[in-house]
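Mind having a look at this structure? Questions to follow.
Just so it is clear, A, B, C, D and E label the chains in written order, and each chain counts residues from 1 on its own.
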Amino acid sequence: MQFFLEVLIGGLLAGMLYALVALGFVLIFKASGVFNFAQGAMVFFAALTFVGLTERLPQWFGFSPEWAGLFWIALLLTAAIMVLLAWLVERFMLRKLVNQPAITLFMATIGLTYLIEGVAQGMWGAMVRGLDLGISDEPVMWLLERHNLMISKFDVVAAAVAGVLVAVLAFFFQYTKVGRALRAVADDHQAALSVGIPLQRIWVIVWAVAGFVAIVAGLVWGSRNGVQFALTFTALKALPVLILGGLTSVPGAIVGGLIIGASEKLAEVYLGPYVGGGIDSWFPYVLALVFLLIRPEGLFGEKHIDRV
Amino acid sequence: MIYREAGQFKASYEEDQQIFPIKQDRIVMATLVVAAFFVVPFVASEYWLQAVLTPVLVFALAALGLNILTGYAGQLSLGTGAFMAVGAYATYNFLLRLDGLPFLVGLALGGLSAAAVGIVFGLPSLRIKGFYLAMATLAAQFFIIWVLTKFPWFSNYSSSGIISAQRIEILGFAFDTPVSKYLLTLAIVSLLALAAKNLARTNTGRSWMAVRDMDVAAEVIGIPLMKTKLLAFAVSSFYCGIAGGLYAYTYLGTVEPDGFGLDLSFKILFMIIIGGMGSVLGAFLGAAFILLLPVGINVLMHTSVGALVPTTLASNLELIVFGVLIIFFLIVEPHGLTRLWQIGKEKLRLWPFPH
Amino acid sequence: MARVIGDVILDLQNISLSFGGVKALTNISFDVREGEIRAIIGPNGAGKSSMLNVINGVYHPQQGRIVFRGQERRRMNPHEAAAQGIARTFQNIALFKGMTVLDNIMTGRNLLMRRNFLWNALYWGPSRREEIAHRRRVEEIIDFLEIQNIRKTPVGRLPYGLQKRVELARALAAEPSLLLLDEPMAGMNVEEKQDMCRFILDVNEQLGTTIVLIEHDMGVVMDISDRVVVLDYGRKIGDGPPEEVRNDPVVIEAYLGGAAH
Amino acid sequence: MNAEAGRAAVGEPYLVVNNVEVIYDHVILVLKGVSLEVPRGGVVALLGANGAGKSTTLKAISNLLRAERGEVTKGSVSFKGERVDALSPNELVRRGVIQVMEGRHCFEHLTIEENLLTGAYTRKLSRAQLAQALERVYHYFPRLKERRKSQAGYTSGGEQQMCAIGRALMAAPEMILLDEPSMGLAPQVVEEIFEIVHELNAKENVSFLLAEQNTMVALRYANFGYILENGRVVMEGEARELRENEDVKEFYLGLSSQGRKSFREVKHYRRRKRWLS
Amino acid sequence: AEQYLGLPSYRVGPYAAGGTGVFGGWIDYMKLINERDGGVNGVKLVWQECETEYNNARGVECYERLKQRGGQRNVLFAPVSTGITFGVFERVPQDKIPLLSIGIGRSDTADGSVFPWVFPMIATYWSQASAIVGYLGQREGGMDKLKGKKIAVLYLDFAPGKEPFPVLDRLAQKWGFTTEKIAVAMPGNEQQAQWLQIRQMRPDYVILLTYGVSNPTALKTAARTGFPADRIVGWWWAGAEEDVVPAGDAAKGFVAGAFNPAGTDFPVIQDIQKHVYAKGQGDMQDPKRVGSTYYNRGVGHGIIYVEALRLAQEKFGKGQPVDGEQMRWALENLRLDEKRLEAIGAKGLMPELALSCADHEGSGRVRFQQWDGEKWVSVSDWIEPDREVVRALVEESAAAYAKEKGITPRDCSKEQ
């Protein structure tokens, strides 16, 4: 029972981390109907830029790498770079692809993925780096002692951050003017233009917000597994979360994350041994598929409107 | 003035229903085919045959398969790699386990196995649409690769899941030189491309496209959705399966399940988007583009540009240039190279008088 | 040619349909006779389109019976309905955007084509013959509707009015016995409406096709329909020959306003 | 209806379209040099058969063409004396020009009310003002009020049309480009819409450019009209004159010398006569 | 004269850290030879790179492209990727290009009588697995102490990850320990479930057969679930700085195999610093990585390549470029003893090598090093694999392959 709980809670917490990445996808999809394949690359780019800056800034400006302000300066600069990226993406890609079929935009974001990956590694090198956020990655002591439960402190903190982010964004989408405009854009680019929604500014905003989410995800995942190319793979973990929760739902990302995280771990532990293990490569997808059969637009996704 | 259709009248619907109703197109196509069969084998180097032309053909076939499903029938799929894997491994096992089975029969059986698997994974498409369906096909992608890795029976108990293709022999003739493998591939791919074109221009293809464009309306005019979608999955997977077989037998020789991973599926998806969705020609153009572009950039980077910048940077520049070119082409023409080609022709038709 | 109005071929009895809280149709009954042009009119959101959707099975009513050619059913699949000879056009054009006009119309003949995909892959013998025979029929429709010059144009590029005409062509290609038209003349000018009326009348007179027509242009409705049903807020408020309906105060109040004359 | 007043203000350029040429997809030439003018406070009708290029003209003005891979290759558009052809559509809306697109284009996943609210995107309104603006639209279209909480995708065709028009009104524009406003609307509502046009025009001096197939009504409310054929303006004039023109009468109004013909009686559909081509 | 070599490198993508390190080291060594010695007996070394992205199909294209450059033919193909090795190993005999797969590829290709053109040098996956068990035996104070021990094997679920299994199974039988294999799905960036299972299992040791990101993830997750790092022993694809640095403190005490240790103390590395980097011609984007595990592995590749060239020139004509067949002969007859290694300045950088017709591995020795939080510290001498078990397996498997493909093995006794 204690083992089961451990797996379950560990899974739920990991699920929150998946949700963090999924969130980036949701934002952009909801706001422009673009399935942003580059989200994984953005996570990688953000994390790499951040660590790259913490390495170089002291060298460039000759202050101690121990200085506490370094973290914040690097974070700020990274955020600025993500805004710049968003601006560039809008200026040179999205703007020219207004009103194109979803699949074309999807493909363009794949091109973008290559671009970002090349730029990231070209700028900062292929070296794998560690990242220490100063949150210890150890079991929470009293849980271990009292209940013999191993729950990582780091995961708890990260999950809390993800939760807050989601709450804020969900509110933003549902209740603000810009949020409404974003949803309008996702429905019909041309009509959005016609009522005077400044598509271009809106896109910069969402991509920038998605960039911030990527920074958070990048820092969390980077300090878990190291800052390296494999961060782009976190996107693979986010996909089933995304479809299970619904492509357009911010809270869906969280619920999807929790379900996928927990059931993936439980399946690996209780089912894996019978079939040779390693099933977490496909289990989340199959699970999501089963959910989709019942609800074709995910748990909280917007229903596809199909009227004649 | 070269590209004019004026003066070409069609006396019957039969003529109008030809694959290439315009004479110039027919001539170009015929020249291409003849050249591919009778000129290329004599002039192309081994490198071109083995490392460029054969894979382009194989990938074009896979892209054609995906194009049937995604381009024509509108069902977005990311499981192409897995269906190719089914084709490759099934062909291998049929040839291995049924003694004396002719190669082509083995290949066809491989394709049929892929078709069967395709139908199973196509079932969800009756309910699930768009990107959601794409994600669902990812389940197929990961599951199939996992099965092939996990159960050693499929790779005849080789220690790591790799299989190495048997020698190809058809009617006593061994296909073991690059030229013969190229010709074999070319023959199979041409036939299947012709069949695809035929499907596309007849009732079958129209039903697919109708379902793609608006499935409610399609149903209302009497197109059975289930049958049409599943047929698309089956035919598409068949093509991918055959492509997988050729990938293993005429191109690589040895393959492992991981080689059929998500990367491959994506690559093939790029091909049809860049080449042009819902177009047979597009599959070929896309395959050539996606395979040759990185090679071209690579050569460039490691020769001329490579002399100027550090090698690691050159490799990264390669990625950057590739990404930029993809975006560039999409902006120039979101409907792919085929459309670009058509617009070119239309301009040519008007030339030299713009309107 | 003298038109013959025959027996009831479609009988709708006590149809009720609602979506969540919205009652789109409430207890509606009417019938359609063989060979007639039956119009449905009513204010926006009255439930006219929903009525057509019920008839050909896109919507399944919660209550009521549909009797078509003597067969009774609660619900139908759109596909079954098509197989029984019901074809239709849509209010929001539902053409296949990626296909040419010709291909769009050819899809209408899907139910009449027999060759399977293996034959088609060969495009040889029976498949080729079939394809060409059907092409011939479709060309007749194209001639009839005067859309020869846009045959090979992708429908997405056509102006609205022509798209409506192509949609009619596609429905006609199925050689239906019952044709449902949802605002076929929206977005046309008078001249084009005249053409469209002519087409509809010809189909009706020469092929004997029964037509159910939704239209907001009272001129058209009054001139060409045999009987008119009036819906309002999902209820039937009138039913009868055009002149009768036109002078019905309830109808004038709910729908026609000043435009009755 | 004071057509004369509309004409009188011509001295001051308001919306001027000058010799505009439009090409779609790099090859399809659709507008072959269209020029027209809308005076301040004018109601101008744009008439023409299917495919004549009415919608294209409107989209060329509102800069929505680019989203359809169309391009203005020649000519200019200016509004209040300033060139506006390079402006983004939202900038144009800010300056007071808004288009109601053909085919409704509601945001289907948004509710009717949310759709209307997006129309006010460019305006900085307080909560109360916003509510007031909404109320005005609901006053014009009571049907919308009933359906305010429904997702637009699930409303009927006519309701969507009202929503699209209402949405544009929310922007409080100075100039509205209306593309087939009457399409799919019940006769009563059509009358109402044109009454709204008239009212806005008279009370708030809003100008209109109407592409409308319902020529009868359009010419009744407009003060000036252009007739477009095959991408060219083939005729222009005071609405009154156009109404009296024999050709217009026959082809656009369906009136012959004997008055209105029954649709049943028009037999010859092969008698298209054109001014040009 | 020039000696051309085709280099199928991977400098982008998930394994770029490894690719830039290995190929950087290799290229730097060749630059060193050119700069310091003026080439090999006056023959300048030239090379052409081709980016494989660690992708099989692209690797095969590179193979074909690199085969020839102008009139020069490639003499050695070393993709440093198991997948690409699989992709080309049936092509090399026809093209007469030796395939070098140091520490990767198919283990049974060590049987040179069946695979004359393939050289899985220094140590195959099988030798390595055996060495790991040997190391554990040493730690326990004797192989017989392994009896009754429980060992968890955490492997990345891809082809190489499973390659060591047959050897582990046989050794388990031989020494009486038990293994429990636990798969991690690619790419292995989430391993909570696996480590909770391990915690539940309470094994004595964990053998880590993971690669890339799954290494730091494993170590981190181990720490998080309270499994001590010093009882985790990794293979050499878990033994680079890149594998432990991201794990931070969690990696302290972790032991991993190596056929080439890290460090800048070796004279050859210092020569590279002096002759190449001092002149600003180094290949590494980040010169700090010179002397890292991957880098030294690349230098090792370079040494083997250059030494084989020397040997070939000695036999077939000094001062001339060699061809693939000559290269093959040289590789097969390569001997690198302590003395020679010392002369090169690479003593301790790699084990002694002695290849033969039958043995294309030439060594099989592996040593173990421990991460102290800053650097790798050697904790064992070179450990010999269990020849009895490994060699038997190699011959069995090679024979099966020969039978399937209808190959008649060379008779090595005649070639001596």
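Going forward, contacts are C-beta pairs under 8 Å (C-beta built on N, C-alpha and C of every residue); 3 or more make two chains touch, one makes a residue touch a chain.
Fair warning: this is a prediction, and the values are worked out from it, not measured in the lab.
*Asks:* Quick one: which chains contact chain A and chain C both?
*Replies:* B, D
*Asks:* Taking each chain's centre as the mean position of its Cα atoms, how many Å separate chain A from chain D?
*Replies:* From the centre of chain A to the centre of chain D is 44 Å.
*Asks:* Centre to centre, by mean C-alpha position, how many angstrom separate chain C and chain E?
*Replies:* Computed value for the inter-centroid distance: 73 Å.
*Asks:* How big is the gap, in whole Å, between where the Cα atoms of chain C centre and where those of chain D centre?
*Replies:* About 29 Å separates the centre of chain C from that of chain D.
*Asks:* Determine the centre-to-centre distance between chain B and chain E, using the mean Cα coordinates as centres, and give it in whole Å.
*Replies:* 36
*Asks:* Hunt down the residues of chain D that sit against at least two other chains at once, touch-wise.
*Replies:* Only 25, 154 qualify.
*Asks:* Would you pick out the residues of chain B that each touch at least 2 other chains?
*Replies:* In chain B, 146, 149, 216-217, 220, 312-313, 316, 318-319 touch at least two other chains.
*Asks:* Which chain E residues touch at least two other chains?
*Replies:* 11-12, 20, 157, 185-186, 285, in rising order.
*Asks:* Between which chains does touch occur?
*Replies:* A-B, A-C, A-D, A-E, B-C, B-D, B-E, C-D
*Asks:* Residue numbers of chain D touching chain A in their complex, please.
*Replies:* Against chain A, the touching part of chain D is residues 62, 64, 66-68, 88-94, 98-101, 105-110, 114-115, 117-119, 121-122, 151, 153-154, 167-168, 171.
*Asks:* Spell out the part of chain D that touches chain C in their complex, as residue ranges.
*Replies:* Counting only chain D, the residues touching chain C are 24-25, 28, 47-52, 55, 102-104, 143, 147, 150, 154-159, 161-162, 180, 183-191, 213-216, 251-254, 260-264, 266-267, 269-270, 272.
*Asks:* Can you name the residues of chain A that touch chain E in the complex?
*Replies:* Of all residues in chain A, those touching chain E are 3, 6-7, 10-11, 14, 117-118, 121, 125-132, 137-139, 150, 152, 154, 221, 224-230, 232-234, 236-237, 264-266, 268-269, 272, 276-282.
*Asks:* Residues of chain B touching chain E in their complex?
*Replies:* 46-47, 50-52, 55, 146, 149, 159-162, 164, 251-259, 263-264, 294-295, 298-299, 301-302, 306, 310-313, 315-316, 318-319
*Asks:* Looking at the complex, which residues from chain A come into contact with chain C?
*Replies:* 307-308
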